[in-house]
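Every chain is named by a letter (A, B, C and D) in the order it is written, and numbering of its residues begins at 1.
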Amino acid sequence: MAEKKPKIVAFCCERHGTDAAVLSARTGKQYDASVRLVQVPCTGRVDGMHILQALEDGADAVFVLGCLEKNCYYDTGSIEGRKRVGYVKQMLAEVGIEKERVEMFNAASTNAWAFPEAVGKMVEVAKKLGPIGGGERP
Amino acid sequence: MIVAKRKPLNEIAEMLAPYKKVTVVGCRSCVAICLAGGEKEVKMLVSALKLKAKKDGRKQQFEGFVVERQCEKEWVSEVEEKILDSNVTLSMACSLGAQTIGDMYPKHLTFPGLNTGIFGVPEEQGVWSEKCVGCGNCIIHTTGGICPIARCAKSMLNGPCGGSANRKCEVNLEVDCAWAAIYDRLKLQNRLDLIEQLTPAKDWSTSHAGGRRTYVREDAKLTPHQKKGKGAVL
Amino acid sequence: MKAKVQVVLCKCCTEMPTLLDLEKLAKVAADSDNVLSVLSVDAVCDGRQLAQVVNDAKDKETDRAVVLACHKKDISPSLLKAYKRAGINEFMVELVNIREEVVLPHLEEPERAQAKAESKLKAALARARLLAPQERQSELMRTRNVVVIGAGISGQAAAREAAKSGAHTILIEKTGKSLKAPGIIMPNSTLVASEGYGGNFKLKIRAGEKLEVLEAAAVVIATGGGWTQLKGPLAKAVKDAIPLYRLHEQVKAGTVPKDPIVIVDTPDPAGKTLRVQDFAWDDALETAMELKKKHPESQVWIVFQEMRAFGLSELAYKEAADLGIRFVRYDKAGPPKVDPKNPTSMAVKDFSQGELINLELGTLVFASIPANPDNEGIAEALRIPMTPEGGVRRGSIQRWPVTTPRPGVFVCGSALFPKSHEVAEREGEAAGSMAGQFVKPGTIEFGGVVAEVEQEKCSACLTCVRTCPYEAPFIGKAGKAEIRIQGCQGCGMCVGICPSKAIELHHYTDEQIMTEARTLLGGDF
Amino acid sequence: MKAGSNLEKVFDSGQFTVTAEIGPPQSANPEPLTHHAKMLRGYADAFNLTDNQTAVVRLSSIASAAIIMREGVEPVIQMTCRDRNRIALQSDLFGAAALGVKNVLCLTGDHHVFGNEKAAKGVFDFDSIVELQVFNNLRTSGKQLGGEQIKDPPKMYLGCAENPFATPYEWRAARLAKKAAAGADFCQTQAIFDMNMFEKWMDEVRSRGLDKKVHILAGVIPMKSAGAARYMKNKVPGMIVPNDIVDRMKNAKDQKEEGIKLCIEQIEVLKNMKGVHGVHIMAVAWEEMVPRIVKEAGLLPRPSFP
């Protein structure tokens, strides 16, 4: 049987987040294909509901990548994003699901390492923890 | 909702008698719905106070305004000029509204026009009854969805006292005995075993007994970085 | 109405044909619902091929497109324009960055890359089915006024530069001092309130005794530093200490300050808010050298924790040392101290030598410029944020360093944080230039990705009003939130936080975002 | 022995127990207490000292207990949850035990709207069942509610009250079960006039085996007049007085005498009722009748233990 492939969702802001991901590819960085990048205009657009729904839909881990907090394109968007992620983590902890399945990262568009590093961390988490509830993947 | 009722007109008139210019501020929220401090009540009160001043031979000016929610600064600031332009503001909101105005303009006098009573529900048109006392630790899943802390005069936790007659409360024979209601509800739900279990002493520290309470949702709070203008941390 | 989708596969990315099975990808597209046309082109950014693509869209009467190509920012302008000509709204084109999200990062895993590309295509199709056309709108600016607040060095520079773009400049100056600058100068005036948005502001200005309302297309904040405020233990101990600019005036006027002259960075050396940029070191070095050149006999000390001079000004360190100016560096463990009972001497621990030095104080000068206390009122009037130090906070560097988070409001000079004369002037020019460019078109463009409130669901809780950095949401006449779309930047923060889920962001609806994520999760790779 | 009180000993000996009530005065004068103690000594096994009954301010029950103990009479102090929070209740229990009190009756308490301080702030930190749990835990494990371990915990014989005539009737025996589980050693019932209804309740009590866990003292009240009967029927919540009893009082030539007679008859019935271990005579403001009732009901002499 083939090794189970983790499923990671990355909500990336259209500004620094996506730009950092694009730059990493342009500079030849390779990362695990498991990541599913979903663009949002700003991490402040991310709703805790999106993250939880992604976990429900089979994601093993979800991360949100936004601008650096002090240099957010939408001024305070990545702060909002961080707070949303924080609340989801708290909820997960309350229902006994590992909160490290959800993470917030920040990057500048020039940080070519940021996206692959985030993917690497989350893949590691997903591999360590396996699917939520331990069930077979659909 | 928060249920309040207007103070007796005489009491209000007496409170306001020494002041020339009175701004009455109502609220469109809970107190409007419980017919205590909405636009209509404010207008009627202003008329009544004008009549009373006329009858008593006092030269007073009354002007009424209503804001969306008096417990929030943003709404209150809509009538800021009117408040500061008066000698006293009569708040026709619950005490939360009156205290918000007071905290915003500490030099200015703000008096309560309502008596704030209960967290209640409208049982029928014109009737509100208390169903919660905000103890901060809800247990109604164990009592058939009926709160004995609020609905029993003695906040009994282990069933009705010996004064329950005809399923009414000994303190007020108009009011249903909370525990009789709980018994019926649990019987209906086939969960009577719940009231046979001993309920231990309640931890009141989550209630007002534990001191003034503040609830914080960290993820909703604006960080200093997110604040603007004067609100920004200096 | 049923969606009619055109799928375009761009072969441009060199690795793509070797890594991915394009035919298979095209088949996946062709087999999907709503797809009327699948087209493979060598390079979608090539004009002729693009023409072929839009002609195909016209022929097949498609109403939307999914384009698998590269980064949006690289191809979208020409692509969207072409589609627009074909009658397809720009928001009906779903771009998939197959190059940088699939091909380049997964070169070593062709099988997974193929599966991921197919999944990406399916997700884009799913999203495309949910797209709706959005219209951009524009509004005429009622005026081309650029209002500059503060007529100091940076403010005058801003007015000069803005005027070059044809803006009418109005300088609001707090004092009554006479000035030379293009446009109107309003002395003894302050900004007290504002309404509107970038392009069409209404400013309430107190001019002397009168309150005036001024229309403005853009605002430049050039309030400068808080020149008169010196707070901290050193200022308290040495009553006759002076700020740097006062020393500069004395040197210019030929007055000889009392020897020895000690220039220290801040009156509060052990304070928490010390930042390198808070000191006008260029000016301090220049003034010290000018003094030393005029009066070689005078003793000049510069006491600092960290020093940074801009660009070539760094050469001044050596020049100053050669002139005999002495430098003492300290750290927070050994900050300079003055005993208030003996204000003629300062003790400081030399960080590099480790020894305690006692400096005689003839004249004590502070190089720091405190934040201008007026900033608070200005920030309140324009509803913009401030720094913890009391400066105006600038917007994201991606929007340029002289912007504030509010579009149409620019900032320069020591209003941000203390600057030297020269830097302040350059920044003033930059801000003035940006303001000039901002008002030049005479119209404001907005719409597209903007938020909209579903009023039946709104409970007027004010959460959006408080959260939006742009003052776009407000409570309208109906007592419900509304979005002033001229101010809406399309970030969606209000949408993400609305407790009643009463706000939706066009082009990034919950359904669109979650459908995309769900479809991607459905793929096996 | 849980507390070693006289009451406990009488119960344990299996004899039919008699308790009565002494109402503390509405004053600071201990005289009435001393007077009643002297008068009633030897006619009952222990005497209840009410705790501001019907929320009327009276001399405190613990102080009253100390006073009657000087006369060689055993007290049962009533402690309601109306006026004291858990700090005061536990503290007063220590105090009572230190004074030598060995019986305590745990009550939630009449609501203060019935009393002479209607504007009071009721406490109700506990209800009687919580109070029983806390006191029981104190005597058995020496643990205070807050968790603190107490060195010399109060050893008390714990009583409770139950009203078979309050609604919901069908749940009243279950409530006694809760009290038994909470640690009650004995139970005083509300005054009984409707013997059929009481019998029904006792059926349920017996079927649950509660009479084996808790000593049941059936409550009786000698009535002074037909007016008193009507008052109790109509005005006292949770009291049921059947019409035939009201009529019997009304038609009697000497209503006082009829009241005493009725009370004695009731005791006779109760004496023979299975599971009833004694009577509690509540001669409110008519304490002087207690010796006669006890004597005529054939309950003398009261047992004594060396």
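Please note the rule applied: a residue touches a chain if its C-beta (ideal position, glycine included) is under 8 Å from a C-beta of that chain, and two chains touch if they have at least 3 such contacts.
Values in this document were obtained by computation on a predicted structure and should not be read as measured data.
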Between the pairs B-C and A-B, the one where more C-beta pairs touch: B-C
Centroid comparison with chain A (C-alpha atoms), farthest chain: D
Middle chain, criterion being Cα centroid separation: B
Distance between the centres, which are taken as Cα means, of chain B and chain A, whole angstrom: 44
Centroid spacing, where centroids are CA-atom means, of chain B and chain D in whole angstrom: 41
Separation of chain A from chain C, taking each centre as the mean of its C-alpha atoms, in whole Å: 26
Of all residues in chain A, the ones touching two or more other chains: 76, 80, 84
Two or more partner chains touched - positions in chain B: 220, 225-226
Sites on chain D at which at least two other chains make contact: none
Full enumeration of touching chain pairs: A-B, A-C, B-C, B-D
Residue ranges of chain B in contact with chain A within the complex: 217-221, 223, 225-226
Chain B - residues contacting chain C, complex: 28, 68-69, 72, 74, 220, 222, 224-230, 232-234
Chain B-facing residues of chain D, complex: 81-82, 86, 108-111, 113-114, 122, 124-130, 133-134, 145, 161-163, 165-168, 171, 174-175, 177-178, 181-182, 190, 237-239
Residues on chain B engaged by chain D in the complex (per definition of touch): 153-167, 170-171, 173, 177, 179-180, 183-184, 195-196, 198-202, 204
Residues of chain A touching chain B in the complex: 69-70, 76, 79-80, 83-84, 86-87, 90
